[in-house]
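Listed below are the structures to be examined.
Common to both upcoming complexes is chain A, partnered first by chain B, then by chain C.
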Partner chain A sequence: MSARRKVLLKVIILGDSGVGKTSLMNQYVNKKFTSQYKATIGADFLTKEVMVDDRLVTMQIWDTAGQERFQSLGVAFYRGADCCVLVYDVTNANTFKTLDSWRDEFLIQASPRDPENFPFVVIGNKIDLENRQVPARRAQNWCESKNNIPYYETSAKEAVNVDQAFQKIARDALAKENDDIYKPQVASVPDIRLDSNTKQKSGKCC
Partner chain B sequence: MSKGQSLGVPDDQDKLLGEALKQVDKSSFEMKTCLDNDKLMDALKHASSMLSELRTSLLSPKSYYELYMAISDQLRHLEQFLFDEFEKGKKMSDLYELVQYAGNIVPRLYLLVTVGTVYVKAKEGSRKDILRDLVEMCRGVQHPLRGLFLRNYLLQCTRNLLPDSSNDELDGTVHDSIQFIQHNFSEMNKLWVRMQHQGHTKEKDRREKERLELRILVGTNLVRLSQLEAVDKSLYLKSVLPNILEQVVKCRDAIAQEYLMECIIQVFPDEFHLESLNPYLKTCADLQEFVNVKGIIITLIDRLAAFAHRSDISAIPEDIKLFDIFQQEIAIVIQSRPNMETEDIVALYVSLVNLAIKCYADQLNYVDDALKSTQEILTKKDMSKVGSNTSTGRELQQLLKVPIDGYDAVLTVLKLENYSSILKHFDYDGRKSLAVYLLQAILDKNEAITSWTQVETLFDLISPLLYDEADQPTDEPDPEDFSEEQGMVARLIHLFKAQAPDQQYQIINNSKKVFVKGGDSRVVHTLIPVVFSSYRLVVAYRSIQETDSKWFQKCERIFQLSLQTISELCKLAPEPSLRLYLQGALTADGVGNETIAYEFLTQAITLYEEDISDSREQVVCLTLIVGTFESMASLEEENHEAVRTKCAVASSRLLKKPDQCRCVAACAHLFWSAKVSDGNEPTECHDSKRVMECLKKSGRIANQCMDSVVQTQLLVELLNVYILFLEKGNNEISQQFLNQLIEKIKGNIEGLDKNEETEQVIQHFENTLTHHRQSKQQSEAD
Partner chain C sequence: MDTFKRRGNNYIVSCETLLQTCKHEAKKLLETTAASKKIHWSHPNFISFCLSVDDVLSFGVRRRYVTSSRQPLTTSGRVLQELSKVFPVARSIYQMCYLPNTGKRVKPEYAGIHGDLSSERRILWIRVSLVERTMKAIIDQLLKSPELYYSKKSVMVHSVYSELFAFLMEGPCSLSFSKMKSIDSSILNPGPTELVSRHSRVFSSGVGEGEGVAVGWADNSGDSSEMWEHVQSLYQSSFNSCIYGKNNILMYPPGINVPLQGYLTLAEVGDTFYIKWLPNTLINGSGIKWSHVLSVNVTQDIAHIHCHHKKVEQGVEQGAGSEDDQQQVLYSELIMIGYNGIAYPSLMFPQSSSMLRFLESLENALHPRGCLEPPLWFLRQQHQRNRPNSLSSTIKKIAVYGSTEDPLEATPTDWELPPVWSQVFRVRVAKPHPPQQLEWTENEVEMTSVPLSPSPVSPQTTASTGSTSPLLMEDPFSWNDTKPHPLKKSNSRRYLMEKFQSKVSSQLLARYFYSWLSYCRHISRVKKSLSHLLLPSPSLPLSPSSPLSPASPLEIHLELEPQKLDKSLWEEFLSNRTSDMWNKIQKAIYNGGVDHPLRKEVWPYLLGVHSPLGDQSDQSHTSYANILTKWKRLEEQHYINNDPTSTSLNIRRGYTPTSTITTPTSIKTTPTHIEATPRATPPKIPDMIILEEEEDYSHNEDVVSSSEEEEGEELDSGCDDLIDDIPRTSGSSDGGERRPRLLESHERDQSEEIMDLRSEGEELSKREGDFINELFKIDKDVPRCDRDYSFFRIPQNLTKLRNIITSYIWENMSNGYSQGMCDLLAPLLVILEDEEITFHCYCSLMERMESCFPPKPGVTQRMSNLQSLLQVLESDFYDYLNEMPMGDALFYTYRWFLVNFKREFTYNDIFLLWETSWVARQLTTDNFEEFIALGLLQEFKAPIMDAQLDPSEILNLFTDLADSKNLNARKIISTAKHTIETLQNAL
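Presenting the complex of A and B:
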């Protein structure tokens, strides 16, 4: 067993501007909600430690700008993600329609090893509002058509289902991380010379 | 979203970045191996060599960002290890000293920040002191790109560590955090601005592009300030905003100013903006000449308008006169920038109008003021015949579309006094496309137009659709577009709905005069609904006959005008005119005006005789005349007789035998169920003999048909008519006579070839017999 017992998981939250990405993250990490709207520019993360079964996991949750013009340096932070969360606003049908392009964009830019099985989670946010436009059934159908993406409906404002969604995110990210361990982590570096004191051979373990 | 590639020399960049990433992979692997074996000193050495990759000057901002991301991902492992060490009892202050011995400044400072982060978390020393130390130490890197990323790393690592309360003097308060961020912001902004002045002048474009890419790093400082929860409105106004604005003005750099001003709007909440409009807008006027102030102000206005719309009006405190503030500010900005493009000026007013409608929907004078100011500027600049596809034209279109889209009732637009004066600055196409847009909006919302004044104002706005205009293109318009536009005008007429009939009369009569000026190609579309609304008006007058003693005369006047209107249409559209006459006859019949009803009917017949020459059309029209006439009730015997006979004669004069046969049979009804008035009560004719004459004649004509299938079909139809009249009690028709007809048909059928067509005829015949049998049994049972 290695000294680094904790696992680091990288999670990226994507979706159109105004769907509540920042609010979801703040509700999950800080248990706080504000109705004041501040646009996110660039990308920023918060970390949170959680227990998944009996494992202590550190989640690094990346909140991103919904507006492309605020990502002037590109999206290098997609790389190395363990799970991608796609968020839309159930009261705004357009934000649902764009999920496809967010997903495609992520797969292109992050270029994960196994795009078919890369873990996504879809969140329909703002279910506390009355003027719902996207029926749950429609969202579920979309998720089923994309290799059965797990689907959650949340209210960041009233803290409905947020923990459950992130618990699922953590679990799927961890499963992916465990999978990756069996693949060579540093395949591009053939001349690994281990310290004479080192007995372990695996490049990365937990 | 943009690809993660730099411009310049992409291949070269990819190669350089690839090599650097390979080194990062290697060093980070060794670092983690050492960490796994608790060899911290060795791990730090490898971390340092990994960080050395960030010393490069060869990478473009985007490539450097990728490298930075890969490295900072790896540094998390180090950070986590250090935290574990602290939990095991290791003193962070020692480590904080230790990493300062790393050889090179870039790796040293990254390590220092990483350790410093854990040092703060460990709560070994005063938080504010460590933070101050870190931000001071970062001064050591003065290379713009490296410095910007190092300070970004500092911002990222300290995100959740900044003191955010107002009462812990020792460990730090929100004021220390503000100071920390503002210090970092000012340093980053300096580095960023300095990039502009490094290197060769011919690379200016590339440099500007790279600076724009890097802006996000500088903006992150403002994000941090906005994330401090203890920063409330008053703290924002007192300590945060003034300092940012001072930096913005002082740097005298257009790129920085434009970006940071927008960034302020984006990252701070609307509630704060509302309280700080004056200092913010004052700064706008002080910006460098090339700054796109228009864009900044529009962003702010649109955001506040959306905010007010979202929350509801009470979100804007009453003492903040949003509209006045922006209106003044826009005037100042325009005045202080004589070289501002007209399109930019108009765009500012578009936003102002948007704000007025979203926040002060009932204050029409606000919108009017904005339109007036725009109009004055257009006049001063002598702008006329503005093309709708020029950039100014597009903004002007937008200016006029915002009220159409923004008001709950589109017709509110008609109350804006300066609306049409803006329209006059467009060229023909511009005016026309706006007319279509406005009309479509009214039709979509189905809004009733209730006074002539409204109609007149509207006509003024949509005049390109109503008449030929002096500046219209000489070539013919596309016929499809043209008839679509005229169709819209026609639909508009149905929305004229005055409360009182007298007002409705005024609207119809006046608008007819306008439509007539539209020329032949337009009146065929527009006059038809005018006549129909006139008839509706007659019905309305009848319903108020108790209260309006002159209703009958008024109706008579409407009929006269309608007759006149239709006569103008006759030559252009004979068939629709005939229908209008018949509809008029029915309407007059409905109000018991025999003279007028007869007039309409004879006009229809005259039109039939003179202008309907196509044989197919003749059948359709004659059938319409017979049907209309049959259902009328006001004609007295003399007039009735004349029309009956006319119809019967016209029927027998049709060109084709089958048409004759059918129409003559139809005329039989005119002698039976048609109603004749004696001045009081209408009674049905019930002239059995004349009915019989018609039917016999119809039979003779059928027998003259050479095609045996057609002949049989006609005889079956005639048999139906006979049965109908028999059932209605016409005693001239005997069962014996019917039997003869039935035998004749049976004989015919035997001679027919069997095919689909004859099958249908036979089926029709059998159905008729079945019906006849059943109704005979029924009447015998009764």
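Presenting the complex of A and C:
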């Protein structure tokens, strides 16, 4: 196993406009928060080098426009993604409801080889705010129903849980990347599923 | 004797090299004789083999046997002399060679063997002993006691090499050699007698054995060398390669009325080709004179070949003397016509197919130095057109061939000539010394031989169809080896190489030609696509309807163009509103932009809100007030309706608001301009939202708490979520409904709210529902618009922004709000400040820009324009980008085009860029943005290509540059203008 090969992990952040995608990315990469962010147009990305199990990987985190009419652009950005992060605003129930369609849209446009086991991570952002509308339990239920997507609740503003969430993202993305390299055939044998299941369970928090 | 002199070169000789050479020569000799097992003993390969044997035998001879070149005996001869004392076989050879006068055994054939050449003298005994097949025995004898004659360094003493050497003698000793003849006839040219006798052996027809023939014609022969040539031409010999051969070809020799049958050959001799015909009678020795022989040099003598069908009365005089009944038979007649206009005796082919094969062979032989005109494939095509039913013709052909008596003819060819047929071919040959002929340079030959469609007559085709002659060239390299003469071999190999080279070069040429052609087509197509990017006449005055407009472009150019629009120029225009003056203003702006204080005044003109030549109407003013009134009423209605619901919702969810601050400032700041509208005060909530969001990330919390506190009075802005809920769930929102419904289980707790709201939602018209949905999106983005720019920290300005954008959406509900629209509005608002005029300017701007917002394809169109520009103007960069793995190499320009570079430059640069692009639309191009994008790419082309950035890295680069505001707008604008100018000149 050429474990020392330099790895680039492509991570896509999706979610309704205003849920804090840009904030999350900047909080994770630059460790800072500002209220000056503008609505993202097109797409943007930042890279960060991280250690995952004593392995240095480069994460390329893509921040996308939240407005649904820009989804058609997605194809260019989604291509080759290793992990998809779905973000919603815990104070806005509607942003949670749309996670379903974001997920579907991603799977359609990126058309990963093994959609069932493609790594997603769900992040409920803005937990620093008090007018919370989406209970954690509800979000967790939804994640479990979608093949046990790992779920995190974060505050980009106060840097709560952001690092942990992205660690998990990196780990899953890396596992997926390795899958792609060492099991190039479509045949996804049951042990992979098992593997990802156990990982996802262990990754659960909150 | 480590070194010795040989052919003037001093070199170290070792046993290995000597033996190697000998082995090599033996191999060559055996290869040469592989076909016939027979070789002339003066054959160069044989001579060189003998020399190599002599080298081995002379190497390392004991000193006492070494002879000098002046002595009659060579060193090896001296060894033989010594050996002859003990070995009778060696003695007889020795006597044969060196004691011709004393020995009884001297054969008469060896009479002239001594020769004058030193090399021939050197190898005398070796040659003789090989011919006598005694060499092996002599060597074996020598090896019994080599130490007697050789030193330790020699091959002969070496335990392994000596054995090898002895084995090498075995092959040559088994060969049969041509017998000697008198010294005066050329040693390398076997006489006609021998050749004819050879022929008789091969094609023996039962008549005339060797000696008889020789006597028969030798008496008649005038010139023996000519005869020799003729006979030689019948064979694949060292001097010529027979390309075509066919028996039973009729010819009318001059002076004879009856056609004779004969053997037709096409032979390549050196660089020329000969068509030769020998009567059967001559071959059979029936006493026909040599004068009947036909020999034509194709490359020099023939200008035209005329082919047609002719009926001949059968019953010709056969060589064998058989006679048929008088009968008309169709022959294919071939007449060669020389440059002097004289026709050669006609040749009659019994089958048209054999004539075609002859022509094919001729054409192939001439290629590449010459050709037939028209080419045969042309003929073939013509023929195929005439006879579309090829299947039946093939069947017919097979039937015809089946009945022929000649088994060689039984193979059907691809095609057959019609019975009535006549064709003249012109023979075109490029010659080194053409006295009376068309001169072709080598290049011309190549050019003309490039077939636009692949010629059906290729050597392969001929080989596959050419079964007439067993000698027909099948593979150029296979028959190459059968020609033993070294000179000839190298000649023919060179010729083949030339042939090959010319073929390859013509193919290359064709390929280059086609790629060049497609490139030209492509460029012209691209130029066509680029020309639409520019206005047809760059200096065309603004309004062609104006009578003043036809002022010649030249005049305008001659005027000193103002470098920017300043106050004095603007005042001049205001006092003299003519189209000329307006044109001048536009040029000034195009050159250097507008002085900042004037922008507020000038922009409405540039955007067409004010007509530069007339007065503006007040219509627009009132309409804006109406728009505001309408949507504000609706908004108010909506908030009032939803207020209790939102409260109850919050309560029902058990949400306890923390009573934090409200912001009194927001309530106080009632926008003054709105008071002008007939319908009174709109709700002020949005202002409050804006203010708080600006200050505090957790605005939602504050807003909600405030709404809880001021329930009933102030509208609840916490109903963000509710507003959000209504349109999405009521099924009236435009985009949101594409999304799949959520799982029921996850929605259960919300379904009640939805039911509550649905009744209210139904009261709203569809348009209103949509509008509320859009309003929600707007309210999400307006507070986020340029929070870092001081102008938008002032709440009134955000209110203005919201009012304008909402009014625009109200008027253009079909488009809906899209992210980026605020960005387009912001610079206008910053410059114009007045809400109403900004609204009209914005509408005007959006007329052009709305096509860029998805799902409309404006941005894609601009990207493809940019692609075309890159392809023509920056082809290396274009190629670079297209080689990138990511398909869409220009996706980072999306933001540029969507918001007109608003995110890339500072406000001051945007003002300049935008006003330049607005006037450019009147002066030079409708697509100024594409040229700006091109300028941006050009600016960073070198670093991008140096660092081999991929598209995502390029995106990163430009985002960084934009974030750090490090882009030099003036430079890029001037680059763009320069590009436009260049392109205008080019087109």
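The rule is short, and it goes like this: the second predicted complex is superposed on the first by the 170 of 206 C-alpha atoms of A that agree within 3 Å, B and C clash if a C-alpha of one lies under 4 Å from a C-alpha of the other, contacts with A are read in each partner's own complex, and residues count from 1 in each chain.
Going forward, a contact is a pair of C-beta atoms (placed from the backbone, for glycine too) under 8 Å apart; a residue touches a chain by one contact, two chains touch by 3 or more.
A quick note: this is a predicted structure, and the numbers were derived from the prediction, not measured.
Asks: Quick one: classify A:138 as touching chain B (first), chain C (second), both or neither.
Replies: It touches chain C, and chain B stays clear.
Asks: Using the touch definition from the top, say if A:6 reaches chain B (first), chain C (second), both or neither.
Replies: In the superposed model, A:6 contacts chain B only, not chain C.
Asks: Going by the contact rule set out at the top, does A:100 touch chain B (first), chain C (second), both, or neither?
Replies: The answer is second: A:100 touches chain C but not chain B.
Asks: Which partner does A:76 contact after superposing on A: first (chain B), second (chain C), both, neither?
Replies: both
Asks: Applying the document's definition of touch, where does A:109 land relative to chain B and chain C: first, second, both, or neither?
Replies: first
Asks: If you stack the two complexes on chain A, which partner ends up touching A:36: first (chain B), second (chain C), both, or neither?
Replies: A:36 sits against chain B and chain C alike.
Asks: On the A-aligned overlay, A:125 touches which partner chain: chain B = first, chain C = second, or both, or neither?
Replies: A:125 sits against neither chain B nor chain C.
Asks: Once chain A of both complexes is superposed, is A:68 in touch with chain B (first), chain C (second), both, or neither?
Replies: Both: A:68 reaches chain B and chain C.
Asks: Please indicate which partner A:58 is in contact with in the superposed arrangement: first for chain B, second for chain C, both, or neither.
Replies: Touch partner of A:58: chain B, not chain C.
Asks: Which residues form the common part of the chain A surface touched by chain B and by chain C?
Replies: Touching chain B and chain C on chain A: residues 36-42, 44-45, 47, 60, 68, 70, 72-73, 75-77, 79.
Asks: Which of the residues in chain C come into contact with chain A in the complex?
Replies: So the residues of chain C in touch with chain A come to 653, 655, 657-658, 693-694, 696-698, 700-701, 704, 718, 720-721, 724-725, 728, 735-736, 738-740, 742-743, 745-747, 749-750, 777, 780-781, 784-788, 816, 818-820, 822-823, 853-855, 886-888, 891-892, 894-895, 898-899, 903, 952, 955-956, 959.
Asks: Show which residues of chain A lie in contact with chain C when the two form their complex.
Replies: 17-18, 33, 35-45, 47, 60, 65-70, 72-73, 75-77, 79, 91-94, 97-98, 100-101, 104, 128-131, 133, 138, 141-142, 145, 157
Asks: Would you tell me which residues of chain A are touching chain B in their complex?
Replies: Per the touch definition, chain A meets chain B at residues 2-4, 6, 8, 10, 36-42, 44-47, 58, 60, 68, 70-77, 79-80, 105, 109, 185-186, 188-189, 192, 194-195, 197-198, 200, 203-205.
Asks: With touch defined as at the start, can you tell me which chain B residues reach chain A in the complex?
Replies: Against chain A, chain B makes touches at 1-4, 22, 25-26, 29, 32-39, 42, 61-62, 65-66, 68-70, 73, 76-77, 80-81, 84, 156, 159-160, 212-217, 219-220, 223, 226, 263, 266-271, 307.
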